[in-house]
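Going in written order, the chains are labelled A, B, C, D and E, and every chain counts its residues from 1.
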Amino acid sequence: MTGFMAIVVRDLRIALRQLSDSLMVIVFFVIAAALFPFGVGPEPNQLARMAPGVLWVTALLAAMLSFDRLFQADYEDGTLELLAVAPQPLWLTALAKICAHWLITGVPLLVASPVIAIMLNLEPSGLGVLMATMAVGTAIVSLVGALGAALALGSRRSGVLLSLLILPLLIPVLIFGAGAVEAVLGGFEARQQILLLCGLLLACLVLCPWGCAVALRAAVE
Amino acid sequence: MLCIGPPGAIFRRIMATFEGHGLACIRSDRIVFAGLDFSVSPGEALILTGANGSGKSSLLRLMAGLGRPAAGSLLWNGAPVDDDRDAFFRQTHYLGHRDAVKAALTVRENLAFHGALRGSGDGTGLDAALSAVGLDALADMPARMLSAGQTRRLALARVLASPASLWLLDEPTIALDAASVAAVFAAVARHRAAGGMVVASTNVPLALEAPKRLDLAEFRDAGVTPWGDSA
Amino acid sequence: MLLHRYANPTRFLKLANAILPWAAGAAAILIGAGLYYSFGKSPPDYQQGETVRIMYVHVPSAWMAMFSYAVVAVASAVGLIWKHPVAHVVAIAAAPVGACFTAICLATGSLWGKPMWGTWWVWDARLTSVLILFFLYLGFIALANAFDDASRGERASAILALVGAVNLPIIKFSVDWWNTLHQPASVTKMGMPSIHTSMLIPLLLMALGFTALFVALVIVRARAELAARRIRALRSARIHRDAAEGVSA
Amino acid sequence: MTGFMAIVVRDLRIALRQLSDSLMVIVFFVIAAALFPFGVGPEPNQLARMAPGVLWVTALLAAMLSFDRLFQADYEDGTLELLAVAPQPLWLTALAKICAHWLITGVPLLVASPVIAIMLNLEPSGLGVLMATMAVGTAIVSLVGALGAALALGSRRSGVLLSLLILPLLIPVLIFGAGAVEAVLGGFEARQQILLLCGLLLACLVLCPWGCAVALRAAVE
Amino acid sequence: MLCIGPPGAIFRRIMATFEGHGLACIRSDRIVFAGLDFSVSPGEALILTGANGSGKSSLLRLMAGLGRPAAGSLLWNGAPVDDDRDAFFRQTHYLGHRDAVKAALTVRENLAFHGALRGSGDGTGLDAALSAVGLDALADMPARMLSAGQTRRLALARVLASPASLWLLDEPTIALDAASVAAVFAAVARHRAAGGMVVASTNVPLALEAPKRLDLAEFRDAGVTPWGDSA
């Protein structure tokens, strides 16, 4: 388990060398979200209707922005080989890197989302469920995206194609996530969507680290 | 100057041996080498020689468990390595062509990470290793600012920092200045004296005393494809 | 031995130390007077009521936001073209101060917007361009600190500052080019300002005070930055002396 | 000039060998745009109203995904140093890489946009001007993005940092681009916005290669 | 075995000389070396020695035009290099620690790209260079499949493939096997015979005949900062 923590801590260190770096992530979300009013025009009610979609898109973007570096850096400088021959199951290593990734991109998004939501004047009633679904959803995004990144390693074409086949798997997440918020704003229950999200999360927690491990082995051999 | 973490006791008791029989390696549909046998026992050093592209690194990677041999078997204490890979990994250090150094981390952070990865979190072996390769003064510098040789020395420090009975070193002396080369040889000698084993590939003469030698040139059968057709 | 890249900034420091007390004093007095006038003396607006007093903070900080960026851009240009390290230091020192003024402008603006326009925020040209200005400041600061090697950060951020300068005229004239909720220039209009002197006086007092404050803050920060670099250089010189001895030993 | 072509051809070759960048961008573009119908609810007229904005914003964000690697690879393997000491002005080299980038990511976006426009049932009358503005817009994006990439080169956390630098500079493009389409849909002329976009393009053509050159010099020194 | 593209005529006429006076180098707020003078004239070879981190690579980078010296001047034929950088670049080849090889491209494509970049697009010098470093058989392999030494040889082939009167080589023999090292020395000898100049850094003895030597250790003044304070 100490190896697990070592990896998480290292990735966090590299990602957030200073406080300013972590603030940067939040500012990035604000900017990305702020783009939509420019594009779509400032009618408040229309913005409010888009808000959930906007939040999820920015979340997806933030995650994807960091994916190609997720394993690539370790792969190129030879660290991945050492991770592969470390006395610790590779899926655990992968899980560690996934956790780190979620802490780096998912959590800042959680912190920023209320701000963005208000900028896009989403009704406060939706905030709670928004945060909840975001927490689960970003975790799923990190898991699935990591699998994609692992498959794309070594820049072999087949790998790239596979990794891209993975990404559409995220669409249901986005739909349920946005749908939950919509539901609450519409005055309905969101239990169903949230349960579905949790189910997805569990499935990914089982499948993705294992898949990553296999892909990573293939990449270093 | 250097003490390898907790004194070599751990593996002096094991008295491991490491051997391979009839090993073959295929890379990109091409037989790099085949029918290769080797064996290393405690205190011994095996030096791999051969022209560029003869398969030294490939062999070391097989030994380290990066990839399975296309044919043949690797034995650790007489038992196939695959029986308990984690136990084997715990007993081996692999140093490749690439230094696995993170430019964004300081020298010490780099070393500490690999230590923790192998479950030897204590800083003692760490400082000893740094001073062994003459990096102790630079311990708190970001690795980005290291010169080529300093970076290579950091990679070597990783091997010295945590105990393992088998060292697999791919051209360990590359980019090192004379002083550092001497330091490395000294460390290897101590390791062997403590009952450790060393396999090193090289293109330049290595001043290890009484090494075994293995020339990869002898094991290439260029004309044959993995399908058995002869070109 | 002394090397060109760090043309020893004694001259700059001497000048700075001479100016600092005056700037600080002026800032204190002018802002003090300005606050007294704007909250004590000047009349409430006939249609805006007491909220008009926000103006005395909002407008000067808005001006300073733009002025500071101009300073950053010019200093950056000097640093890039004449390779004068102190210029970069000034730019890096000025950026956070300008960012604060911009933040104040945004905050007071939206505070004022609630009673005036009935909303905290509208995506109109001026407000938006000021928001972009704020982002530019943040980008500049982030970039300047994003490298281990200070000289790398200062050059990168300088380029950004120059490219971003395009935004200044947009802010200034956005109210004229696009029809916005925000009201057009009345003080800074060519010819007679269309604003009553009882409001103009405190406004100008505050503006001058803010400027003095800006100068003082920049000087303090620049001195600190220079000292920090000098210390860093000393430390790494020590480290490498030891390292060299370590190898030879 | 031969050096210029050499760089363009090389970058295209590498991109085609390992399709990652272009596909990544397209996939994100499609996913992100496809998300909004679910988020906003399927009333066609409302979708159509926000279609231009959504198209532009998602295109912008998708482009962000490709800048991280633009100079990174050359920087890490030492090629950038050789480009810097090649007997050819560095701004020309930068321009070459920018052209290649536009061909690799801008053009695919251009091709994909009509499809997505129809998904968001934008009226066909808007397609022409959409393509026209997109063509100019994506070129500007490549130019500005390259500048950001060159500035953030070798920094920590480059991925997020550079989108933090780029996005604010791109807001005008977004406003005019989306504005043009809306104007046409509203039955007005879009000449003004298109002219403004072309003006921006010219300005960027002058500023960005120069900025890139200076930044890249700083990066290899 | 090797002919350097179009026969050295181009630069035999120029009879260039390359010298530096009072050079100083600052990296991250620290003086690496200062007050360094050197000069190379046609047919000469200058070897840079010094411990890891003494500044060999830094000096070579200054010579190559990667970064300006913090003090001092570089002269090409007596005129400051900055007067006409492109002319200088056209006459120099720089080989760094990193090989600048694109894994996705084939060996020949890699070489052709750098040739085109320097405006010498013809394939003749290219094939000659490949055979000079013994890579002609692998010409159409993706560079990903090259071994460490083969990659380094590809980097060297880039220097041989297009003519330039000044070669700046940072540890040229790293990772090379004996045969390749010999080939490199032969190429350098031919280059010098044709009136070319070579500056090479190294940590291992280089068998060049009658080289000038420059030991970086002599020029470090540790303990003084760029500000003039002494640590």
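Keep in mind that, in the parts below, a contact is a pair of C-beta atoms (placed from the backbone, for glycine too) under 8 Å apart; a residue touches a chain by one contact, two chains touch by 3 or more.
Fair warning: this is a prediction, and the values are worked out from it, not measured in the lab.
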Note: of the two pairs A-C and A-B, more contacts are counted for A-B
So the chain most remote from subunit C by C-alpha centre is B
Top of the farthest list for subunit A, CA-centroid basis, is E
To bring the C-alpha trace of subunit A onto its twin subunit D, one rotates it, in degrees rounded to the nearest 5, by 175
Rounded to the nearest Å, the gap separating the Cα centres of subunit B and subunit D is 46
Subunit D to subunit E, mean C-alpha position gap in Å, rounds to 37
Chain-centre distance (mean CA atoms) for subunit B and subunit C, in whole Å, is 56
Per the C-alpha means, the centres of subunit A and subunit D lie apart by a whole-Å value of 23
Contacts with two or more other chains occur in subunit B at residues 97, 104, 145, 177, 179-180
Where subunit D touches two or more other chains simultaneously, the residues are 17-18, 76, 156-157, 161, 164, 167-168, 171
Touching at least 2 other chains, the residues of subunit C are 128, 135, 138, 142, 146, 148, 236, 240, 243, 247-248
The answer for subunit D against subunit A in the complex is residues 17-20, 23-24, 27-28, 31-32, 34-36, 38-41, 46, 49-50, 52-54, 56-58, 60-61, 64-65, 68-69, 76, 156-157, 159-161, 163-164, 167-168, 171, 174-175, 178, 182
Touching subunit B in the complex, subunit A uses residues 2-3, 5-7, 10, 13-14, 17, 76-79, 81-89, 220-221
Seen from subunit C, its contact residues with subunit A in the complex are 119, 121-124, 128, 131, 135, 138, 141-142, 145-146
Subunit B contacts subunit E in the complex at 27-28, 50-53, 57, 97, 145-150, 153, 171, 174-180, 203-204
Per the touch rule above, subunit B residues touching subunit A in the complex are 64-68, 86-87, 89-90, 92, 94, 96-102, 104-105, 109, 113-114, 116-119, 121
